[in-house]
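This report refers to the structure that appears directly beneath it.
Letters A, B, C and D mark the chains in the order given here, with residues in each chain numbered from 1 onward.
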Amino acid sequence: MNPPRSASGASPPGGQRQWPGKAGSTAFAGWRRILRGLVPWGALLPMALTVLVAYLGATLWSLRVSMSSARTFPSDDFVGLAQYERLFDNERWQLSLQNLALYGVLFIVATVVIGFLLAVFIDQKVKGEGALRTVFLYPYAMSFVATGLVWQWVLNPGSGLQQAVRQMGWPDFTFDWIIDQDKVIYTVVIASVWQASGLVMALMLAGLRGIDDELWKAARIDGIPTWRVYLSIVLPMMGPTLATVFVLLFTGVVKVFDAVVAMTQGGPGTASDVPAKFIMDHLFGRANLALASAGAIVLLLTVLALVAPILYARSRGRSA
Amino acid sequence: MMWARKIGLITATLALAGAALAQKPPAPSGPKAEVIHWWTSGGESAAVKTLSDAYRAAGGQWQDMAVALGEQARSVTINRMVGGNPPTAAQFNTSRQFFDVVEQGLLNNMDEVAARDGWDKFLPEAVLSVIKVKGHYYAAPVSIHMPTWIWYSKAAFAKAGIAAEPKSMDELFAALDKLKGAGLVPLAHGGQAWQDNIVFAAVLANVGGRDLYLKVLRDRDAKAIQGEAFKNVLLTFKRLQGYVDKASPGRNWNDATAMLITGKAGVQFMGDWAKGEFTLAGQQPGRDFGCIAGFGPSSLYIIQGDVFVFPKTSHPDSLKAQKLLASVITAPATQVAFSNKKGSIPIRTDVDASKLDLCAQQGLAIMKDKNRQIGNGEVYMTPDQNGALADILTAYWNRNIPVEKIQKQIAEALK
Amino acid sequence: MSASNPVEWTALAPVAAAAGVAVRDLAIRFGANEVIRGLNLDVAEGEFLVLLGPSGCGKSTLLHSIAGLIDVAAGRIEIGGRDMTEADPSERGIGMVFQNYALYPTMTVERNMSFGLRVAGLPRAEIEARVKRTAALLQLQPLLQRKPAQLSGGQRQRVAIGRALVREAGVFLFDEPLSNLDAKLRSELRRELKLLHQRLGSTMVYVTHDQVEAMTLATRIVVMRAGLIQQVGTPHEVYERPCNRFVAGFLGAPGMNFINGRLSMLSGGTVFDAPGLSVDLHAYAFAGRAPTDQPVVLGIRPEHVQIGPAGEREATVQLVEPMGAHQVVWLSHGPHTLAAVVHDAQVLSMGQSVRFSIDRSRVSLFDLASEQRL
Amino acid sequence: MKPRHVGRIGVYTFLAFAALFFLAPLYIMVVTSLKSMDEIRLGQLFALPQHFNLDAWRTAWSEACTGVDCGGVRVGFWNSVAIVVPSTVLPIGIGALNGYALSFWKPRGADALFAVLMLGAFIPVQVMIYPLVKVVAAIGLFSSLPGIVLVHIVFSMPVMTLLFRNYYAAVPAELFKAARIDGGGFWRIFVQLMLPMSTPMLIVAAIMQITGVWNDYVLGLVFAGRDNLPMTVQLNNVINTTTGERLYNVNMAATILTSMVPLAVYFVSGRWFVRGIAAGAVKG
């Protein structure tokens, strides 16, 4: 009695599942099977259309524009990689890429850790779970334009936390990252973590609640402390949820814009500038469509360089 | 025969305009105008209402499309044009922002209205240089703001023992030192790129003078930029940074003005729109706060204003609407009403200044002298160059970089 | 997987000493309703006690409370002589196997078995020895590096058993471990469990609703219903002398025949009378005095109804259910329908009239109202 | 103290501090919205308002002037609802369909298509606006409700497809094989078997999509056209101004009012988190 194929059953390669031993199929049945084979493709038509026209189309168009000298409107002259050269000796662009890397790592790690902790603690059958969930999720509902402004006030040494704590009796308490060239990006991380960890908590909680209760009982009998169960047993099982969360957060990181504009306008100076803001400034404010498109293409290529190996490993992993 | 027809035409239009103004506004069946603009806050809304009332009085229908923030509004206008559904009129700054749009031939010109209303006679040269492209008038000016007023809180000056209003840069620095001595914040400043640039423009105008201003911004002459005079301007600019409080980075300009209103700070470099915050707080020029346009008899009046452009459209009556709108907003009565609410000064000097506030009257007086009028950076530079300069200046303001390096960077950016 | 070879087992060293379990007037409440009240039970060392009953009778709840997974409202639980009522599951010296195996999906079989020990901080050598020994015991060596997802149902269950065994606990608890397996695999694992019990000699408490498992595995069976113990006894006692009608009906397939009737005194002996059927019960061992006035129920197991020419009574065959090794024959005798089990190869067909007799020495008698055995 | 109780206290303290961190900005927003501008200028952020007034809320809802019209944020409310409903139902439907087709049927080349789609999620939205305006104008939907709904479908497709693809990947293949053996066709299995089973993910997707579309500003501004402008356009007009003066109390009130709908959705969907999510399909 050999073990049946694993639950996730990688299907035979090449799409359609052939059911073995189908008795002599007539021409009609053959034709019907071809038709049924096309149905999945028909269902994916909207997706194919979106990908080809919207995403692929826009990317190619941006690539073409980034090799022209377009200002407000696209122009069809050709300047080769001039825009890219200008991009890479633009100090503000290099700083924005560094900011993005630093912001991305800190933001994703902090949000996943806090989101997971919140989900775990809420999963301890606490009273008032409904209220707590809404408390952690409400920031995601509000537009960052106003909440960003509030965070700017809170973190501003003049009017915010620092002044309040000083008045409460710690005269030399300083918390002025937002006005410090090197530390301002951390303030953007704090506000973004405040906004996004509620969503991560929701997704993680969904994952936790899907775990079979008997697993918990078995672990208790094995004498494994609760925190260790979460760390060594539950967390590894959350693979798919973690993957989804990572992709969601990563797209958020690459496109971060509202948080920076609402809180620091990219300041002090251009210390907290991010690629999306650089692109937006040049796209609209400075009517430089070509440079903005070049920025977008470079941003996309950096993402491709980061994501491609992961996607390749995962797809190879699944078919092994 | 030719003459007869021409005279007939002119009298007919005059009659129409006169009739429109004199009589009770006809039923709003007149030309519909959809206008995109970014005057969205309380005070600004009151100002744009004067325009819409005037246009309705002239028989037109005003459809309002307000979009916050200049960059956003301009992008909506351009996208609407590309999408084939352009507005009747759209706001731009008195700058080169819409030159590309003109190049693409997407704008109707207002030569007829300009000729009839005699725009050349009353418009400042700086404004004309922007709205006239290859001889055609492509924009109707709406307002003239001066971005580099120097505001000061009388209460703070009294507390710091400053008797008279500073008359020169050195007197200003002396006042700032006294303010610092009195424990007040000498210079209230919002640490955002565009506000840093306002301080620079004020220093360039008051310390550099007209010739250097034009050489650097208009001619973008590398020798002048690398020269001693410009180095001194940059050093004075950087010296001002010493008088700013630590919590300045990221602060909005209204919060900086609030420091003046509450007497916590002495001086602020800001445009004449700051009057809106003062009036909102119930303060009056001359009594609670003072306004200085510039130091010295030949101080410059930097012009940064707003215009309306008129996209080409296929709708028949929209050209009529655009012409009516262009003439209505440049009419003296509308200009005075608008300036009063907006805090700017009228685009024409031949207006009755009595109804304007103290500071506006001071501005209008300066504007009467043609060679004290000068455009701001956007008038002489493309948006891209203007932005690049802004990046360098805000970096210099926030970080200590040797001034020679800054001069080289500016020369490089503006070549 | 070929049947295991019994000889190889004896070579392995014995496991930790078995421990007894004592439950003293236990009460368990879920919110408002009381699932178990005033329950007393003793499990001797090395015994294989089966908790048997329909679903919802509280057998799983009792097992989980012994394991410490459910809080006890009142009463005491002792394991190996020590009071464990409030103790944590891991401190009770127990191992447990669950219905859905509850294996850690992301860990290999070897890690599944050793994880608990590693957390408890046992020395590495000791852990490896235990795992090797238990893997040998359950033929798991070839599977040690596989993940649960790559195992069959039977293999997963054996890993679950292995994970319990490595703890070398005094008491092993089983919560319907075989119910997810197919019939053939179930009988195979049942036999392995029995051999395991004889081999290890540890105390086992086994919950099931399947009476075949109960009869084959148990040293003693506890039949439960609605939170109350109906009867405790060896499989033979519970099968042969059910203490009430519920127990009688629950055990045995096909179920016991029940006939309502009354008792009467006839020539010095008691006789059971029902319309068209009377049975002489003078040899029946009455618990107390033989009641003669209230209505009673006579219980006859189908295998005690012998069909054959020498039968005392007449009946016609209603239905025949061939079961391979035996046949179940449904007879109608007057108003009554009786099931009979026929082992020899008699060929019977519908409607055929036959003669049958009842083995009077193995019948049971219950009071109709109280359903208690008389 | 029994160790379990210590654990409980630890849990509650952590949650209390977390709640404090999360609620602080909301506290400031509410307090600011109840203060008069003079009080706000003093900069006492955390101080409670001396005299409590609700004018800011009334102004924000129905009187704040944005340009010539003075209708507050109320003007865009029904427009936003009209945009959100189709822009939630359609993307989720298509996302589920894509996820289902990708997870179970795996037509040749579909995975490559999905990879490009996922890369699309990383392109900053603003860059894609110009070409999309051209395309949407070409099919005549520019400045219209269907236009903005189509744009939302395009921009939400990567995430929606990802959510459902990962969800269906966790569904045991036996379930799908059984349905195929019973002769279920592509659509029948999708509608009768898979959709009813996806309630938990439908909830999560609905929460994310409603929030995303309700808070969108740039797309609504460019594609919806003058008479379908979403509520966020009025909100931005109230809050943002370059040279106008800012009424912070009105800004805060307007923001809270605009986020009422997503907040209501969270509250309602909360209870699904307890029951819905745990309902796995085939066990073991």
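Here is the rule we go by: a residue touches a chain if its C-beta (ideal position, glycine included) is under 8 Å from a C-beta of that chain, and two chains touch if they have at least 3 such contacts.
Values in this document were obtained by computation on a predicted structure and should not be read as measured data.
**Q** Which chain has its C-alpha centroid at the greatest distance from the C-alpha centroid of chain B?
**A** C
**Q** Could you quickly compare A-B and A-C and let me know which has more C-beta contacts?
**A** Result of the comparison of A-B and A-C: A-B.
**Q** Taking the mean of the CA coordinates per chain, how far is chain A from chain B in Å?
**A** About 41 Å, centre to centre.
**Q** Between chain B and chain C, what is the gap in Å from one C-alpha centre to the other?
**A** 93
**Q** Between chain C and chain D, what is the separation of their C-alpha centroids in Å?
**A** Measuring from centre to centre gives 55 Å for this pair.
**Q** Name the residues of chain D that each touch 2 or more other chains.
**A** Touching at least two other chains: 43, 130, 236, 239-240, 283.
**Q** Could you check chain A for residues that touch two or more other chains and list them?
**A** Within chain A, the residues that touch at least two other chains are 7-8, 158-159, 212, 280, 283-284.
**Q** Where in chain C do residues touch two or more of the other chains?
**A** 100
**Q** List the residues on chain D that touch chain B in their complex, please.
**A** Within the complex, chain D contacts chain B at residues 37-38, 41-43, 64-70, 129-130, 133-134, 136-137, 142-143, 218, 221-222, 225-226, 233, 236-247.
**Q** Which residues of chain B touch chain A in the complex?
**A** Spelled out, the residues of chain B in touch with chain A are 71-72, 74-75, 78, 82, 97, 100-101, 104, 191-193, 196, 245-251, 382-384, 386-388, 391, 394-395, 397-399.
**Q** Help me check something: in the complex, which residues belonging to chain D touch chain A?
**A** On the chain D side, the touching residues are 7-8, 11-12, 14-15, 18-19, 21-26, 28-29, 32, 43, 45-46, 94, 97-98, 101-102, 105-108, 110-111, 113-128, 130-132, 135, 153-154, 157-159, 161-163, 166, 169-170, 172-174, 177, 180-181, 185-187, 200, 204, 207-208, 211, 214-215, 217, 232, 235-236, 239-240, 251-252, 254-256, 258-259, 262-263, 265-267, 270-271, 273-274, 277-278, 280, 283.
**Q** Residue numbers of chain A touching chain D in their complex, please.
**A** Contact set of chain A toward chain D: 7-9, 11, 14-17, 19, 36-37, 39-41, 43-44, 46-48, 50-51, 53-59, 61-62, 74, 114, 117-118, 121-122, 124, 126, 129-130, 132-143, 145-147, 149-151, 153-154, 158-160, 163-164, 194, 198-199, 202-203, 205-206, 209-210, 212, 226, 240-241, 243-244, 247-248, 250-251, 254-255, 257, 275-276, 279-280, 283-284, 289, 292-293, 296, 299-300, 303-304, 307, 311, 315.
**Q** Which bits of chain C are touching chain A when the two form their complex?
**A** Per the stated touch rule, the residues are 1, 64, 67-69, 88-91, 94-96, 98-100, 102-107, 115-116, 119-120, 149-152, 154-155, 163, 167.
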